[in-house]
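Sharing a structure below in structure tokens format, with a few things to ask.
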Amino acid sequence: MLFQVQMDVRLPHDMPAERADALKKTERERAQDLQRAGTWRHLWRVAGRYANVSVFDVASVDELHQILSTLPLFPYMQIAVTALCRHPSSIHDDDR
Amino acid sequence: MLFQVQMDVRLPHDMPAERADALKKTERERAQDLQRAGTWRHLWRVAGRYANVSVFDVASVDELHQILSTLPLFPYMQIAVTALCRHPSSIHDDDR
Amino acid sequence: MLFQVQMDVRLPHDMPAERADALKKTERERAQDLQRAGTWRHLWRVAGRYANVSVFDVASVDELHQILSTLPLFPYMQIAVTALCRHPSSIHDDDR
Amino acid sequence: MLFQVQMDVRLPHDMPAERADALKKTERERAQDLQRAGTWRHLWRVAGRYANVSVFDVASVDELHQILSTLPLFPYMQIAVTALCRHPSSIHDDDR
Amino acid sequence: MLFQVQMDVRLPHDMPAERADALKKTERERAQDLQRAGTWRHLWRVAGRYANVSVFDVASVDELHQILSTLPLFPYMQIAVTALCRHPSSIHDDDR
Amino acid sequence: MLFQVQMDVRLPHDMPAERADALKKTERERAQDLQRAGTWRHLWRVAGRYANVSVFDVASVDELHQILSTLPLFPYMQIAVTALCRHPSSIHDDDR
Amino acid sequence: MLFQVQMDVRLPHDMPAERADALKKTERERAQDLQRAGTWRHLWRVAGRYANVSVFDVASVDELHQILSTLPLFPYMQIAVTALCRHPSSIHDDDR
Amino acid sequence: MLFQVQMDVRLPHDMPAERADALKKTERERAQDLQRAGTWRHLWRVAGRYANVSVFDVASVDELHQILSTLPLFPYMQIAVTALCRHPSSIHDDDR
Amino acid sequence: MLFQVQMDVRLPHDMPAERADALKKTERERAQDLQRAGTWRHLWRVAGRYANVSVFDVASVDELHQILSTLPLFPYMQIAVTALCRHPSSIHDDDR
Amino acid sequence: MLFQVQMDVRLPHDMPAERADALKKTERERAQDLQRAGTWRHLWRVAGRYANVSVFDVASVDELHQILSTLPLFPYMQIAVTALCRHPSSIHDDDR
């Protein structure tokens, strides 16, 4: 089941650089684990913003929320979730 | 080069059904040709709306506009374009 | 799987009354069938607007879209979909 | 009398973790008391956000405000209230 | 129980004048009946717009919706409803 | 001359409780003086928000601004002002 | 008493040219009468839009509404009204 | 003097094709005349929309409005105007 | 050349009173100098907000920006600029 | 390939002046290097705001993002990116 998720990140200006780097490092590791697991299906950078557009492939909405809400950067994110489904004109086998 | 494109379609209520069906048919054929060509990379339906979220893989912005503006349903669409680029945490080889 | 769906209905002013009544009648029958099936879990009227707030219990996003997009009043609706999941503080057994 | 209430929570980034946990604990206890009392009828988590969609069953608007404004997390919430009433197509006996 | 209701009216430009006048006449009569009944408590014109700000005193949300949705001009209105309750600093006995 | 004024209050999270209470106390006294003077005609709490909807009866716009801008909580308020006038359908003698 | 009024005009595309010209002519005459009376104090065109920014000097809000709502183009206008008062730094004697 | 102008065009769906083509033709000729005159300095198409972003070089705001308001497509345009001035970091001699 | 400028001021809550007063004093002096020079043509207070609506008469956009960006309160302002030009129905000689 | 980029800058009020000046200095140098390289094609100041409208000429979206995200002021910017392409009515040879 696919969900498009847009994440805009705003780190506090007064956050120490080390803290920010550590957060970004664990965020990166988590994101790559989830990509390897096939859950975080697509991850693109939005040009010109500290933001990404992603597509998640999850078994349930609960799983989606569990993933998003435990991302290290979650407290600093503005998130929009759009439920996707198969388009009648899609020829992609796996674009469920 | 990847662009996310969201298309919301509003057909006039008084459009004859045959005309609407003809438009949708040609739209569908065009979309499938472009998908086969690899240009229309992803095409998902937004749940609950006559809208889609798509990702286009084009050589230039001009090509993107040429494709979108000649879609049969273009005159009836509200379109939002977001320029995407490779995310530093992406592990997908081909998510340029 | 639960989705909150808000539907605002705008019928064209020049739609003949009989046509509008017929649409509403079939809409009503469909809504009641879906409620009996347990799919359309909650249906409330928004005070002061020709709109409703509903909660759907579906097996997939595709099923949700199939239901919404085939509602007789769908072409005249502005729809917002919010994916819901179980709240950690919820005591309701069945509020998956 | 039913009201839909959407609550988006934004805790200050510099709030000590213990303080935040304590607030969440009392919030949770209050929410569960109110659910047991039948007042907080539905409580769902919005996927991807520190937010919930709830339905309250209260005897008056004053009661609704009294409940919401004394929630431990109230000072950190963005709240939207929608007055609901029975939908003419609803088959649920108790969806007053 | 008090609700603030803001009503913005947009009549179709091509509506025959007689039809518009008839609608306004019955709207006016209904509004005055409801004011005499104490239900439509306050009715003010918003300066510069074909809109009003009103306060309704009703026994239930259902009653509020029944009143608003059967106003002759309802199909041509954009309506916003705000649930009001007694302000702790209010000295007005009857501003429940 | 009547003005509808909506006031949304946001006190800084790090404001000491005593300071906040003192501000609220003087705000309350000022509001009650103005109500006794007939200037602050209506004062209702918006359900679910630290906000009020009020109606002021003033001799001039300058007087309105003088009152609002010297309220103790003014620096912490988001204020919207709507100029009201007598509605042609109003039966209330004094709803100038 | 001064009010800033912004008026955006949208004439229906299918309005016959003569009708539109007649409306504009009477609108122009009314605007010039009101300017000569000192009521319509300032009238500027917003560059790039069929819109104006005006300042009205009226004795009451009722008078303001009576003027605006009887403008020939009123049914085709989107109007925003802002109540103005003397600025403490103003040196203009007559900018009440 | 430079102004950025964004123009979004919405032609009525029921406008005869010949009429639309004629409008576009004269619009095109006017735009090219103005470009040759150096007034319409930049003209770019917004990818995915029947819209353009332009920069006009004019002697006065009146001249800007006169140009825009007499464009053949003006009645079908949503226009936003942004006044530009020289940026302190600009190295372009002629980017007044 | 006339520009309408709306300035909404938000001073940080933790700014020392003396600093705020000093800023306001110099702002006031600057505003009065500019008014005497005829540049700051109109200055009105928006009722109910720490905001003003002004009209500037400048020789160029650069001059306008130079004035606004060097106002003492500029860093604490949300500013909207609207380019104005002579209205065809204006009878004011000097409302260029 | 051209992109319009609008950048609104908000520096924290409590940032030491030296730090702000240093940031602006490096930002200025970077901007001028990029202009000399032909990448930062146009750079205009938006009148009345600490903001600019720019046009970038880049070989890819990645290049655009790399430039923007490494600007010294990037963490303090609100950025909007619009993909541009050649307008069919453009006579400018190089307005690809």
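All chains are identified by letter, namely A, B, C, D, E, F, G, H, I and J, in their written order; residue positions are counted from 1 within each chain.
Convention: a residue touches a chain if its C-beta (ideal position, glycine included) is under 8 Å from a C-beta of that chain, and two chains touch if they have at least 3 such contacts.
What you see is a predicted model; the values in this text were computed from it and never measured.
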Open item on the list: Counting hops between chains that touch, how far apart are subunit B and subunit I?
Closed with: 2
Task: Between the pairs A-D and F-G, the one where more C-beta pairs touch - done: F-G
Task: Fraction-based call for subunit J against subunit I, same above half, different below - done: different
TODO: Let me have the rounded angstrom distance from the C-alpha centre of subunit B over to the C-alpha centre of subunit D, please.
DONE: 39
Task: Chain centre separation in whole Å, for subunit F relative to subunit B (CA means) - done: 50
Open item on the list: Using Cα averages as centroids, what's the distance between subunit F and subunit I in whole Å?
Closed with: 27
Open item on the list: Among all residues of subunit B, which ones touch two or more of the remaining chains?
Closed with: 2-3, 45, 47-48, 61, 64-65, 81, 83-86
TODO: State which pairs of chains touch, listing all of them.
DONE: A-B, A-C, A-D, A-J, B-C, B-H, B-J, C-D, C-E, D-E, D-F, E-F, E-G, F-G, F-I, G-H, G-I, H-I, H-J, I-J
- [ ] Flag every residue of subunit D that touches subunit A in the complex, lowest number first.
- [x] 11, 13-14, 45, 47-50
Task: Contact footprint of subunit B on subunit J as seen in their complex - done: 1-3, 60-62, 64-65, 81, 83-86, 96
Task: Touch list for subunit A against partner subunit D, complex - done: 3, 5, 12, 15, 61, 64-65, 68-69, 74-76, 79-81
Task: Touch list for subunit D against partner subunit C, complex - done: 2, 4, 27-28, 31-32, 35-36, 42-48, 52-53, 55, 82-92, 95
